[in-house]
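Working notes, beginning with the structure itself.
As written, the chains take the letters A, B, C, D, E, F, G and H, and residue 1 is the first residue of each chain.
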Amino acid sequence: MRCVCLDEKDLEDLLRGYKQGSVTLQDALGMLKKLPYEDMGFAMVDHHRQLRQGFPEVIYAAGKTKEQIRDIMLSLYHDGQENIIATRAEPDVYAYMKEALPDVQYNTPARMLYVERNKTVPDASREVLVLAAGTSDLPVAEEARLTAHLMGNAVRSCYDVGVAGIHRLFAHMQDIERANVIIVTAGMEGALASVVGGLTPKPVIAVPTSVGYGASFHGLSALLAMLNSCASGVAVMNIDNGFGAGALASKINHMR
Amino acid sequence: MRCVCLDEKDLEDLLRGYKQGSVTLQDALGMLKKLPYEDMGFAMVDHHRQLRQGFPEVIYAAGKTKEQIRDIMLSLYHDGQENIIATRAEPDVYAYMKEALPDVQYNTPARMLYVERNKTVPDASREVLVLAAGTSDLPVAEEARLTAHLMGNAVRSCYDVGVAGIHRLFAHMQDIERANVIIVTAGMEGALASVVGGLTPKPVIAVPTSVGYGASFHGLSALLAMLNSCASGVAVMNIDNGFGAGALASKINHMR
Amino acid sequence: MRCVCLDEKDLEDLLRGYKQGSVTLQDALGMLKKLPYEDMGFAMVDHHRQLRQGFPEVIYAAGKTKEQIRDIMLSLYHDGQENIIATRAEPDVYAYMKEALPDVQYNTPARMLYVERNKTVPDASREVLVLAAGTSDLPVAEEARLTAHLMGNAVRSCYDVGVAGIHRLFAHMQDIERANVIIVTAGMEGALASVVGGLTPKPVIAVPTSVGYGASFHGLSALLAMLNSCASGVAVMNIDNGFGAGALASKINHMR
Amino acid sequence: MRCVCLDEKDLEDLLRGYKQGSVTLQDALGMLKKLPYEDMGFAMVDHHRQLRQGFPEVIYAAGKTKEQIRDIMLSLYHDGQENIIATRAEPDVYAYMKEALPDVQYNTPARMLYVERNKTVPDASREVLVLAAGTSDLPVAEEARLTAHLMGNAVRSCYDVGVAGIHRLFAHMQDIERANVIIVTAGMEGALASVVGGLTPKPVIAVPTSVGYGASFHGLSALLAMLNSCASGVAVMNIDNGFGAGALASKINHMR
Amino acid sequence: MRCVCLDEKDLEDLLRGYKQGSVTLQDALGMLKKLPYEDMGFAMVDHHRQLRQGFPEVIYAAGKTKEQIRDIMLSLYHDGQENIIATRAEPDVYAYMKEALPDVQYNTPARMLYVERNKTVPDASREVLVLAAGTSDLPVAEEARLTAHLMGNAVRSCYDVGVAGIHRLFAHMQDIERANVIIVTAGMEGALASVVGGLTPKPVIAVPTSVGYGASFHGLSALLAMLNSCASGVAVMNIDNGFGAGALASKINHMR
Amino acid sequence: MRCVCLDEKDLEDLLRGYKQGSVTLQDALGMLKKLPYEDMGFAMVDHHRQLRQGFPEVIYAAGKTKEQIRDIMLSLYHDGQENIIATRAEPDVYAYMKEALPDVQYNTPARMLYVERNKTVPDASREVLVLAAGTSDLPVAEEARLTAHLMGNAVRSCYDVGVAGIHRLFAHMQDIERANVIIVTAGMEGALASVVGGLTPKPVIAVPTSVGYGASFHGLSALLAMLNSCASGVAVMNIDNGFGAGALASKINHMR
Amino acid sequence: MRCVCLDEKDLEDLLRGYKQGSVTLQDALGMLKKLPYEDMGFAMVDHHRQLRQGFPEVIYAAGKTKEQIRDIMLSLYHDGQENIIATRAEPDVYAYMKEALPDVQYNTPARMLYVERNKTVPDASREVLVLAAGTSDLPVAEEARLTAHLMGNAVRSCYDVGVAGIHRLFAHMQDIERANVIIVTAGMEGALASVVGGLTPKPVIAVPTSVGYGASFHGLSALLAMLNSCASGVAVMNIDNGFGAGALASKINHMR
Amino acid sequence: MRCVCLDEKDLEDLLRGYKQGSVTLQDALGMLKKLPYEDMGFAMVDHHRQLRQGFPEVIYAAGKTKEQIRDIMLSLYHDGQENIIATRAEPDVYAYMKEALPDVQYNTPARMLYVERNKTVPDASREVLVLAAGTSDLPVAEEARLTAHLMGNAVRSCYDVGVAGIHRLFAHMQDIERANVIIVTAGMEGALASVVGGLTPKPVIAVPTSVGYGASFHGLSALLAMLNSCASGVAVMNIDNGFGAGALASKINHMR
């Protein structure tokens, strides 16, 4: 989909042309009547540009063919200078992509395909902390960590700090106190989000994972627990949505 | 329903009577053929007697009329010397019952009607600890506490020790270490059970409560969280089932 | 529950006392062994103090008696100079409270009881925007708005801007572009969160409301929709949790 | 199953025969007594005939053997002159079918097997518009599009116009305004149906898709959202039921 | 919320004014730059006008105060000549409204408040048929019937024609055959929609009702059944959404 | 709704009339063409008549006005000689009905209104046994018992025989062995159905009740348990559907 | 598990032995005290014997190894003269079994392994009718049909008679009227059970199948629909439980 | 993650060092300020030590690589003398592990990898009894049995004692009466837990299994049934959580 957009310059040209007679009233009217959507697009483009200062469009690889992923990735690669991300990409996509674009890298647990070329050093005083309750939550935590990293944040991660051995969490108390934004990934009972939420005044982004069995119901258990967190300031993402958490953490972390 | 039971003495009498001729083969056969159920009853009675060493039948008042509750309670009152419990009794039942049985007492938050007359001093070295995550969980916690108390246990309770302010829980670390069995009542995300389960080698009985709103879905959230506890040794009761938790804690606490 | 805390000064006194002999080795050891929890409490207090720079403890009035609410509120009133909030308070609590504390105010749709006495002018350049899809979502939106306001934020609100008449939303495009953090409250299909999430690079906090009937299942429909938002950067709160959204928005908005 | 049907002509013959004596009272009675079901069949046939002016029976291939599908398809092929559709057919069925019936075609994403032989030009002024929120919704959208096309409608489709980038939708505003009936396919939060429903006075048929993960619960999230659409005039189909949407759109589009 | 809209005339005046010099380039640009949303509003107004040829805005009374309902209703009453509808209005709202607007009428089972003043005779050859499976489904059926009637359709209704006594339905076969659009309201197992869907080539709008008990789960049972209808061409509305069904039927019935 | 039905006699008259000339071909055709539905009705009437040998139409009082219930009941009273049943009738309906029809009786727990006038003695050798797990299941059990009784069956009932005290059930072993059909009503975990299903070769009709709290989810727990009964030959009714169980038991019990 | 059972003869021997002195009082007592369970077993055996007049134990093959299935089947084969059934057996089990027991047969769609050797001619006047709504419901219908057949019933089956083409059902009206018990298997919306329930005074056993997609939720949709059937006398089995339906139908059909 | 812990000895050394001047006030303060977490660790270690008297850390193999499992297992093997358990390990992990650690054993149905080297004879008078309702529940029962065995308990198991043939259960009455703690594993309707709970005064740990099909919903049916058990003293574990049941039973069984 492509929408032809008019920026302010085009608009000015149109008005001048009409005044000078090179554009008829009818043509000007016809064009301006269609403007809402084009201007809408215009506004979007502007918005996109600003967003893009942080990061360009991200590719959701699930349900796309190798060819489609390659084409979009190459297009992003040649059009800009930013880092590029494709989430939920299987290993065979990486093998295929590697040939077309040797710069591409792959994070196996996170199933993320990416090109890292923006070498701007992130603000080390504003750390995003990614916590994972168990080692099985690692794929989701890694997706969050890598996303935040590629979007220009200093990221620290502590895995296997679930509440059943709460001393493991407390050993990371300094990391928690230092963090600017905290992402908590946890499956099963998802209790880590509440405990961390009570230990910090900073925003906590909770990501329920589908880790568990039986009555975990593929992450429902952790999702409900996190939504009902008695700690205020805990926001919740979809089950296994590490990317979303990383992107939101980056948005918050870049606020000034 | 009443089932006529034969104890060992009856059985011996029957056999002797048959040998001596006072009981015919036909009568003995007829009686013995019915035995399974009567003996079944017999076994039950035996079992009941043993159980009753701890406690007699408990009245579930919900869905019973005032008159029914009174009749059962008076029957238990006159037949034994044990404490008596009726759970889920509304205040008006207490008013009604008080007239028929002045010894009766009422715990308002727990909605428990009871007669306490067994003055045996419980073993103070074997404490049941009842924890409540928030003050709203108090009715369920009180039901558990009072049940365990009336069943002959030393009980200690700490309320409002939820995980969002985990220092409140740690201030009770000694109580946790001292306890023989721990009951955890919590609504919302029910995380307290997992944290406590990780802090103690003793059995933890988790009772989800219907405290919360929205996605707590009347206790479902806490129930699922507790079932998925990553701490081993956590067993779960039905939502708001404080009585069951107290009774189970008492069973475990009396084991030797 | 009260936990006796030791701050750094106490710790120093203890050590000096021990060196000087006024504290025995045994006593010092006994005290320090208990320290984890007290220090934990200590850390918490520290943490609380920092949090409190924004706001002190908030009272969840649901399930508390009028007397309890009054006592906590008066205690907060006399102990500090900050604004005070009690959420989910029914009108009769307000009437009762008004007598004990004439400064108290009440927001009827939000069911919030509050004392506003911190007159610090919020940073007008950092606006929290509260959007409500329909007029029925207003109670939740108002809870969010008032919470953010009392926590020291400039807040703007636009109600009845649901997606079925999307021009109503676009008429507020400037508000959306100006906002630092956006709270979206919506029931039924909860689509507003996704649309707004696509229009802004700022964090969006989505609050599903229980508005609707039939297959809205008391807010489940909006909750699921928001969790599945195809716009990245949308975080979700519990159904009807306007307070949580306001508190989180305030945390994010105060980040620098 | 086959039911012998009597049309009006048969009925008249029967009556005349009876009057003239060639049919006995007994035989006439016997036949007329069975009539309800046969007439029922008769009504059905009539109904079928009318329906068939649009389209004959459609084959639901899922759960049928290759042989069964071939036999039904060949029977329809030789009995009429209309287009033929088999939905949810896997690629290997196509290979098998192609040998038996070289005219058969296959739409891979839609998994539809079809024979197109009715060359009637559809009414171009009455367009069915098929929208898909994302590229992953394409299989469902294609099933809807092809169904409507084969049933004799002018169909236009715009894919990847989801609400998270709403300018992409507005770029198709003219298509929306021109359309006579609109089919909206969307997974995840399914918000597109509400937005489109608010932009057009025409009927909107919403098809939730199973696209998404985690709390999308295989399309439940989009289904609930669409059922709760705040835009009036939005009707909902089963999850992934593109065929049903296409068939209903065709019914509505052929109304005069 | 009010959005200032420019119609084509305003646009022409603006352009002419600019050409003639009464509007500066800067002012014209400033105005046109804001156009998207205003034009958006403009497009909406246009759309609204067309929709309104059928019917103006409908008031959803649930969750609105009597005063709010009165004000909106009076505003609609004085601004136009069309019929007015307020859905889900309780009887006391009617009593209150009757004083302010004596023309107002009330349908008790449907809980609809309305003013009927458009005396245009509907096209009798294009009937909307409203079927109700049982007498308990009548409130929803009446809401659908009255909505379709007030929106200018000839409506016929047959109640208590559920499938458990299918002869009752067949006695209305002529009504079914004559109908242009059919609305089926049914609770419990909701089977009526499938049976009717198989009897007619016309669009069927199925409205599950919350009638039933136990495993009907407040309409979920009928909702799922209708979504899974094996008859093609059945579209489903939210549980108890009679209004939506009436409005959609009217849209379809007015198509030409 | 009333459907004019033609029985075989009418049909014969019609045919003879046509032969004799008193009925024209056109009239005969017109009549016969409508026959399907009238014959359908005819078949139904026949069916009804046979069913009625057991019992006439039963009134589902929920959602009907007092006047409607009275009118239907009086109509049934004056048209036949059979017993009459109205289920789910509140006590005030009884008071109202008693004036209009002094013969009417009321079963309070079952909320059944009935007239018993058929004095046929049921076959005592074919007993329907109604079991209730707890006293709270009594309303459902009574509805089942009274229904079966009024439909002409010898009925025996044993209440409070739940599996937690299985000796209580075994004391009724002879009743179980003697029964021809067994109805089991149970809430909570609904285990009684499986135990009884394993003890008898006769059909067991299981009725889950909404008795319980928390995770009983208003009968869902018992419903699922009964559907999953490992004993073969257990059929399940809707939650709390005592009437349906009684009616089905009667159908089975009358089979010969 | 094996339980040593005493039949009446053993009991008599024991008593006589004791009287004659060959059994001591102690031994007799010891034996009789254990009797409940053994007698329980005894009762069961008796019960089993009676049940077995119809059919012996049925093997649920799912989750059993080939060897286990073979051993049980051979044991049943050599111990009796009845038909033998193993349900949910995969084709490879058949191949394996065929070698060990050449008499074994296999019904592919029903996945049933069986030995048919009881040549008793069933009572042709008492037919079990098995209906299937669609061809995809055939596996479940076949399991029901074959079970009822092997248990000694005359069985008739009509497949593909779903309600969307209700004339197909009515063409089988005579089969329905003739049947003694009717089994209805249907997936999707499961409406067939209600329609058939309204057409017959005989017991209807409804089996929801997992046929469908999307909101059929693996048979939940049909299950709920059937539980809520507005036709009385419809009992419901677990999803896809064709065996249970066949066994129950056989129990009912053999009643006299 | 590793947390450096201070035991009492370290603390004493620190204090003495400070008094003697070898540790400065600043260093002592710095160290003690960090103590909460370290002490927390300390408390944990203590707790771990005690727990470890029974058993060391257990490895949850699901989601871990072969290498990770081997490393942890070897570390546990070389660090202690206790039995070692890894749950949910697939057979290929066993093959791999066997090479690295020849002492390792594997229980196929339970999917448990273990090293048994603690030869302490368990207290035979305190038996843990593991019951399984059906043979399909065996994997879960075996996991529970082996866990309890390896944790030092005398364990007895009776499988295939489900309630549909209750005499099979009663044949094990002596085992039930002798047991100190009872674990009940059951799928489908999970009724065994309630029956056993009514037969014993000892704690019953109920483990729902995912055995079943259709409306068992992967164990939900058994889970709900067990949570709603009318027998008091029944605690519930997550679906298929045999390990948790064995560990809890061991905790209870070791209480004195």
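Just so it is clear, a contact is a pair of C-beta atoms (placed from the backbone, for glycine too) under 8 Å apart; a residue touches a chain by one contact, two chains touch by 3 or more.
From a predicted model like this one, the values you see are computed outputs, not experimental measurements.
Q: Return the chains common to the contact lists of subunit A and subunit D.
A: Correct list: C, E.
Q: If you take the mean of the Cα atoms for each chain, which one ends up farthest from subunit D?
A: So the farthest one, by centre of C-alpha atoms, is B.
Q: Same or different for subunit G and subunit H, where same means more than half of the interface numbers show up on both copies?
A: Different: when the shared numbers are divided by all numbers used, the fraction is under half.
Q: Using mean C-alpha positions as chain centres, tell me how far subunit C is from subunit H in Å, no decimals.
A: 40
Q: Measuring from the mean C-alpha position of subunit C to the mean C-alpha position of subunit F, what distance in angstrom results?
A: Computed from C-alpha means, the inter-chain centre distance equals 55 Å.
Q: So what's the Cα centroid distance for subunit A and subunit F, whole Å?
A: Here subunit A and subunit F have centroids separated by 60 Å.
Q: On subunit G, where are the residues touching two or more other chains?
A: Within subunit G, residues 36-37, 40, 43-44, 165-166, 173, 199, 214-216, 220, 223, 227-228, 238-239 contact more than one other chain.
Q: Chain pairs that touch, all of them, please.
A: A-B, A-C, A-D, A-E, A-H, B-C, B-F, B-G, B-H, C-D, C-E, C-H, D-E, D-F, D-G, E-F, E-G, F-G, F-H, G-H
Q: Okay, in this complex, where on subunit F does subunit D touch?
A: 8, 11-12, 15-16, 18-19, 25, 28-29, 32-33, 35-37, 39-40, 42-43
Q: Show me the residue ranges of subunit C that touch subunit A in the complex, using the header's touch definition.
A: Residue positions touching the partner: 43-44, 47, 50-51, 54, 58, 170, 173, 177, 180, 199-203, 205, 223, 227-228, 232-239, 243-244, 247-248, 251-252, 255-256.
Q: For subunit D, which residues count as touching subunit G in their complex?
A: 1-3, 36-38, 40-41, 43-44, 60, 62-64, 68, 208, 210, 218-220, 223, 238-241
Q: For a test of understanding, state which residues of subunit E touch subunit F in their complex under the given definition.
A: Per the stated touch rule, the residues are 135-136, 158-161, 165-168, 170-173, 211, 213-216.
Q: Can you check the complex and tell me which residues of subunit B touch subunit A?
A: That would be residues 133-134, 162-166, 187-191, 193-195, 197-199, 212, 214-217, 220-222, 224-231 of subunit B.
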